[in-house]
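Okay, got some structures for you below.
One chain, chain A, links the two complexes that follow: it is found with chain B in the first and with chain C in the second.
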Partner chain A sequence: MKKTITLLLLLGCTAMCFGGCYGYNELGELGIVVVTGIDLNEDGKYQITVMAVYPVGGMMQQGEKSSTWIGSATGKSPMEASKNLRKYASKKLTWVQNDIVIIGEEAARAGLTEILDFFIRNRELRLRNHVLVSSGPAKDVMEAPADIENNLYSEMKGLISNMDEWSKAYVPTLLDFAKTFTEQDTGSVAGHIGIEKASGRTFSTYRERTTQHEGRGEGEELSFLSGSAVFHECSLKGFFSDYETRGYLWIVNKAKIGAVVVDLGDSKGSLAMETTSAKSDVRPVVTEDGVSMEIKLRVRGRVVENSCMDDLMDPAVIEKAEKEFAQSIVKEMKAAVKKAQKEYKADIFGFGDAIYRKEPDTWREIGKEWPELYAGIPVKYDVQVKLVRIGIIQNSIKVSN
Partner chain B sequence: MVEVSKETINDKQALIMVTIFIMGSTLIMGVGGVAKQDMWLAIIAAIASAIPVVLMYARILSTYPGKDLYDILQIVFGKVVGKIVCILYAWFAFHLGALVLRNYGEFIKTAALPETPMLVSMLFLGGLALWAVKAGIEVIGRWSEFFIFILIGFILIIGFLSIPLMKPQNLLPVLYEGVVPVLHGTLAALSFPFAETVVFTLVFSSLQTRESPNKVLVYGILLGGLIVVYAALRNVMVLGANYISMLYFPSYHAVSRINVGNFLQRLEISVVVVFTIAGFVKISVCLLAACTGIAKVFSLENHRQIATPIALLMVTLAYIVYKNIMEMMEWAFKYWSSYALPFQVFLPAIILLAVEIKSRRQKTSGKPPAKQ
Partner chain C sequence: MKRYKMTGKQPVKLQNMKNLGSRPQKNRLQDRVDRIQQDGYKPYEDGALSIDMDVNLKALEAAFKGCSDIQFRRFSMANGRLCSIVFFDGMTNKEMLNHDIIERLMAYQKPRETTTETCAGPPAWVKDEILAVSQYKEVTMLKDALKSILEAQCLLLVNGYATAYAVDVKAMETRSVSEAKIESVVRGPQEAFVEDIGVNLTLVRRRIKTHALKMEAFEIGSQGKTKVILAYIEGIIETGIVDEARKRLQKMDIDIALAVGELISFVEDDPLSPFPQSEITERPDSCAAALSEGRFAILIDGNPFVMIAPTTFSFLFTAAEDYYDRGYFTGFIRMLRYFAFFISLLGPSAYIAITTYHPEMIPTNLLISILNARADVPFPAFVEAVLMEVIFEIVRESGIRMPARISNALSIVGALVIGQISVQAGLISPMMVVVVSITGLASFMIPKLNTKRQASVLRFPFMLLAATMGIFGIITGILILLIHMAALRSFGVPYLSPFTPSDTQGLKDSIIMLPAKYLKKRPTYIQDNIRIWKNRAEQSDPEQNSGQAGD
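Up next is the complex of A and B:
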């Protein structure tokens, strides 16, 4: 008898373990938001647009059924707008898998304080999200059709993962982005996404459907990722072109792989280098005249293209090429620094932070007037390029006349 | 009063208990935040200043081997005054346990289970602590001895995985604001968590030798302090001091940054595990201390008789002690040191003085000192 009672009690206790099912969510009931876009409308209301993936199980169902849902709602604040989404959503929306945040240009120009707070404060949204700014409303970008992937999200994810391969686009994580706002008068940089007319830029086919669709129509839109968006004091100041973005990335030690092309000397033709590694160091130099910054960059690369007829086996030619490449990189950096200093007045390179950390005594004096000082800070460049390989052939094929 | 069989724990177990106790809520709440990027300096200074304090505790304990602070108070100050001080200490342990329980509840509610009522998670951990206390200090000691490997394992793995995210320049500049914020941080870190080990004087009546309290407390502080310093350094290097000041639970965020090859990620749950294990030991020790104290004051047979009501009261106090999480942080970082230091430093100093006088007097009057 006693045993039976103990057994029953134990059984009862096991039932308590299933308390974990409290607040459960079945996969089939979820709309998993993967991309969130925020716009500021003309009437001052925030518009939130989400792209949600609906899990579709089994081969039978997949077929023609759509698995992506794009919803949009407006509200006084981002939070209210996101709640208002439920007006149209049939599934329980969850943000835990959200990966990309797109901020519309208007909203970004008006100021990020409210938006950023909404994203950081909420527990559901992970800080590993990617932050992008769209030229034009985020909603338009999100409504562009996917090119080859199943949905636009996979497409964007692919674009983002490819950014390291050419270093002309930069997308920070939400945490890195938010962190720059806590540093010493630092400007911030986010990714830039846009859409352009497809007009034969890319062409994707589905073998069975080639007969039905002859590629993309002229009017169809295609999303691209390139360049970056520059913020100062929480609002968008403008966009960096792809070259300026790479100039920025060289300085902040984030450029990895990229192509640099130079015209070499008097011979007609160009030489292209793919960088394999780059390391930069920004340090403040304090003299009696004031503070200046010194950027030291060491790049290693290999020749991937040679259409000039110079003899690459000649060390003098390589040395000359190295200098040319260094010049070209300095040009990119100068372009970025100039635009950031003069036009945007945004200290995106963390010059102020470098002074604060390495020369705290100087910072104590100039820290207060840094925003005014920044635009006039002279910058010195010290770039050295090392070509270590020239590919699998030695000299170019000489085409005989 | 007949002790049936004296519970003893060996030095290793006691040392591990002290270590886990210090890790307790410190690992997730973070300490010395006022010192910003110098918080690691503040913590090291706090460890250094905590050592004389714990030597004081050890001296009190080793003068009367086999007795805990409650017994010693009654021997030294006499029945009436001794019992009043006993009640104060029992309250301190009880209150500390409730605060840790509340930290745990708030953390679980914020980070892991936002829809589950906070009372549920606190009740379960409180119930577990009650079980541990009923089982006695031996069981808590053995339990700690086993789980320290899991804790250290997690901490090491997380430590290695965070190395790529660390930016050593986040630690610069050193002492930018001068020494004052560091001293503030030191004081805060001394009262939370290092000098909280005063609770152990209430339960360590059964260590192996006379020298044990010395060894256990000092090495425990050093080992636990090492882990706390490591956590502070990691958090600052990964997140930056300015960003940390925005966060309630910096470790949770620092660990959530880990991403190895896009498949090893979302490791922040390990922080919850570490906190649950360490918090459990801390709460159990506090509960044990509170129960022992009340049992001694009211001359009960043993602490087990009242463990259940005290544990339930502790959960209740934890539930009502703060109105919201802001109040919790305000209390923990602004007022805790002024509330706790009397229990941690001033009262023990007075007790030590009394103990010394008493034992000298006994020596001169020819009687052997109490229970050598």
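Up next is the complex of A and C:
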């Protein structure tokens, strides 16, 4: 009995020694980094900027003290820069909760290999981080005040989660980005974040005094998320506008919900559709003339605005509208393809990959010349839109004669 | 009250086995026993009653010396023969005693025998013509006489006869059958066991009207002679289990057995295990249900709680209410109970492990709010959790021990002190209050009385493991527990059955509960199922042929 107890006690003691509290961190000692920005300075040094959440204390009123801490440090490599952050940080910085990576435009243009390696190799950083490229330095974007949320991080998270609602911005996760980034002959796309002068675009108001709005004046900055950034051969080539971004998203089967507006009929006014689902298929067509790509897109949508058509119950009208919508979508895709092919020469749509998968023989022939060949590949569009609902009312509201 | 274990003549304190064989420890009870033997038994080597009533009375007086509640009443019958009755005041029905015994004796005139003559054999005329009571017993030994008096019977001694009569004129103050307080149900029967074992037996017998319901009587305790009944249904219960239970009851070595917990610790397979291998219930219907499932029940005189065994892990999560409800709801609530058990076991330790070792597991916004809440707390999470848990246990325990009138005040103090003031004082973070109160609530979800507080004992080692090794430590702890549970047996029944070893019939009434209609076979893990099933088939066949509807 005595022996057993002693043995158990000893076991308990050794268990504690072995555990040794490795990885033990009190929450109060942590500074939780949620946004990391990285820039390349003019002197060739990396500058890392972090936004960390610091505990402000339970009893203290929120707002009395900001709970976010923004620190910045430079170093020869991203890693060194991040270590140098400790010069100013009073808490133990941890990246386990980091959610957003912002890469400054300069750094992105100079080449992303070193930065991306740091982000992917590090155990603390999760691959589900969102990758954004800022126009201008990342630090500037991170210094913009939050609009209505408690901190800029929540605001950015909101913007990112909203991207599916309009399909005109695209933010990949670190995993998705790294997958295309490391693939040969394939371009990759990251999100695009920018700041603009607020100039009264948004307000936060007190409920009691709606006339008095607080917060941003004319000169203050407001961050926005729109469009995307296109990478090719490890460096940033340029930005897609929101219009082109959606063209891109249609092709890669990532756009689901969005508004398409067309002018239709003789009278002034427009018809708008909200797409509810879209499915695309990119396949290569090999003929004697050469290789071409065919993009098949099937969209289903519903009418959400109608200020021009009188007889939406008429199948012929619906058919006409469907064709117009299809053309409008084709235009978006064409714009994206044109810019990617001619300007950036970045195969962000995975055309090469599609040929490699579906026509391996052809790929063996043309694979080597693909970078040159890509810009000239003809693309065919086959878009079909199906309007499944027209809304609660039938025709446009008009004063009857 | 201290209890002692008898080892031959040497009484040894139960807790202190080290003294065995060193110096003899006398205790008062043993002294008393010795004195009875010296004073009372000495004249009679064999301990038989004497023909001379005065000698018998002297012996009894010596035995009951110092017992002020004993009554000796000497009187002479109408025919001149001397008689005396010995009884305990307050345990006998005086009216019955006066009318049906003393009055009749005093009026008895038939001079069938000479008044001073000594006779061999019992005075048959007493039982034939005088005793107007239903139960009596002939007593020829002094120790039996002592025992019958202690069992609240009235001892009638007649001068000239070496046989006395123990007459049952028991009238003890007992609590009437009242509502179940701890295991109360909404829809089921409301009555609960009482202290009197006779009443308890009837409560069970009334529910199971079969001669197969056996109730074996035991006397437990070398001095206390507590009446203990082993109840089971012959044919349903696995015979090995009854044999084992009987053997363990007979082997029980204790002076005076009062509490059901003492009995359990003697009868259980592994009294050191944190998991109870037997359960207690205060509900006759639960007891009857357990019997019909092939378990046995042990009733102790003086205890309104009945021990049920064998029990398995799944049994701990069944409540009496389950069987009065519909299966869907029962299944849902049982799953909730398992979940609650794990919360009550791992709640604070998971909090400690996740916040100190794995902050990446918490959603960012939640982490930020925990972070802000914890900013002012001066203690590490482990100390905070232990502090809060200990305070909670103090409030809970003192709430039980406190007189009902004060407990209102306590609940205010508890709620205020723990819920609000300690947070405001910066002693404990609000999140910890949430964790501990959910944990506390969850522990009350477990319906079985023995198990209810087991989780709170196990919680602390888990917290220590979590504080030293994080989730890894918790998993280690769970593995150790699982290994222990897999090795545990309750009267030979594997503790984790019907899960492992798996038993399809048993699983139908485990986490889920199928309607009783679909429980065609009894679970095999506790019962002698094959035999029962065969009997049932044989019996039911002729019934079906004769056109009688089955149940």
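Here is the rule we go by: the second predicted complex is superposed on the first by the 363 of 401 C-alpha atoms of A that agree within 3 Å, B and C clash if a C-alpha of one lies under 4 Å from a C-alpha of the other, contacts with A are read in each partner's own complex, and residues count from 1 in each chain.
We take it that a contact is a pair of C-beta atoms (placed from the backbone, for glycine too) under 8 Å apart; a residue touches a chain by one contact, two chains touch by 3 or more.
This structure is a prediction, so every number in the text was calculated from the model and none was measured.
Asks: Using the superposition on chain A described above, determine whether A:24 touches chain B (first), chain C (second), both, or neither.
Replies: second
Asks: If you stack the two complexes on chain A, which partner ends up touching A:175: first (chain B), second (chain C), both, or neither?
Replies: In the superposed model, A:175 contacts chain B only, not chain C.
Asks: Which of the two partners, first being chain B and second being chain C, lies in contact with A:360: first, second, both, or neither?
Replies: first
Asks: Of the partners chain B and chain C, which touch A:94 in the superposed model: first, second, both, neither?
Replies: Touch partner of A:94: chain C, not chain B.
Asks: Look at A:183 in the shared chain and tell me whether it touches chain B only, chain C only, both, or neither; answer first, second, both or neither.
Replies: A:183: touches chain B, not chain C.
Asks: According to the contact criterion defined above, which of chain B and chain C contacts more residues of chain A?
Replies: The partner with more contacted residues on chain A is C.
Asks: Scan A:126 for contacts with chain B and chain C and give back first, second, both or neither.
Replies: Touch status of A:126: both partners.
Asks: Which holds for A:298: it touches chain B only (first), chain C only (second), both, or neither?
Replies: A:298 sits against neither chain B nor chain C.
Asks: Under the contact rule defined above, give the chain A residues that sit at the interface with chain B and also at the interface with chain C.
Replies: 19, 23, 126
Asks: Of all residues in chain B, which touch chain A in the complex?
Replies: 110-111, 113-116, 120, 169, 172-173, 176, 239-240, 242-243, 246, 253, 256-257, 259, 265
Asks: Given the complex with chain C, which residues does chain A contribute to the contact?
Replies: 15-16, 18-21, 23-28, 30, 32, 34, 53-59, 67, 94, 96-97, 99, 124, 126, 153-154
Asks: Would you tell me which residues of chain A are touching chain B in their complex?
Replies: 19, 22-23, 123, 126-128, 175, 178-179, 182-183, 356-358, 360, 363-364
Asks: Which of the residues in chain C come into contact with chain A in the complex?
Replies: Residue list for chain C touching chain A: 355-357, 359-360, 362, 364-365, 367-368, 370-377, 380-381, 423-424, 426, 429-430, 465, 467-470, 472-473, 476.
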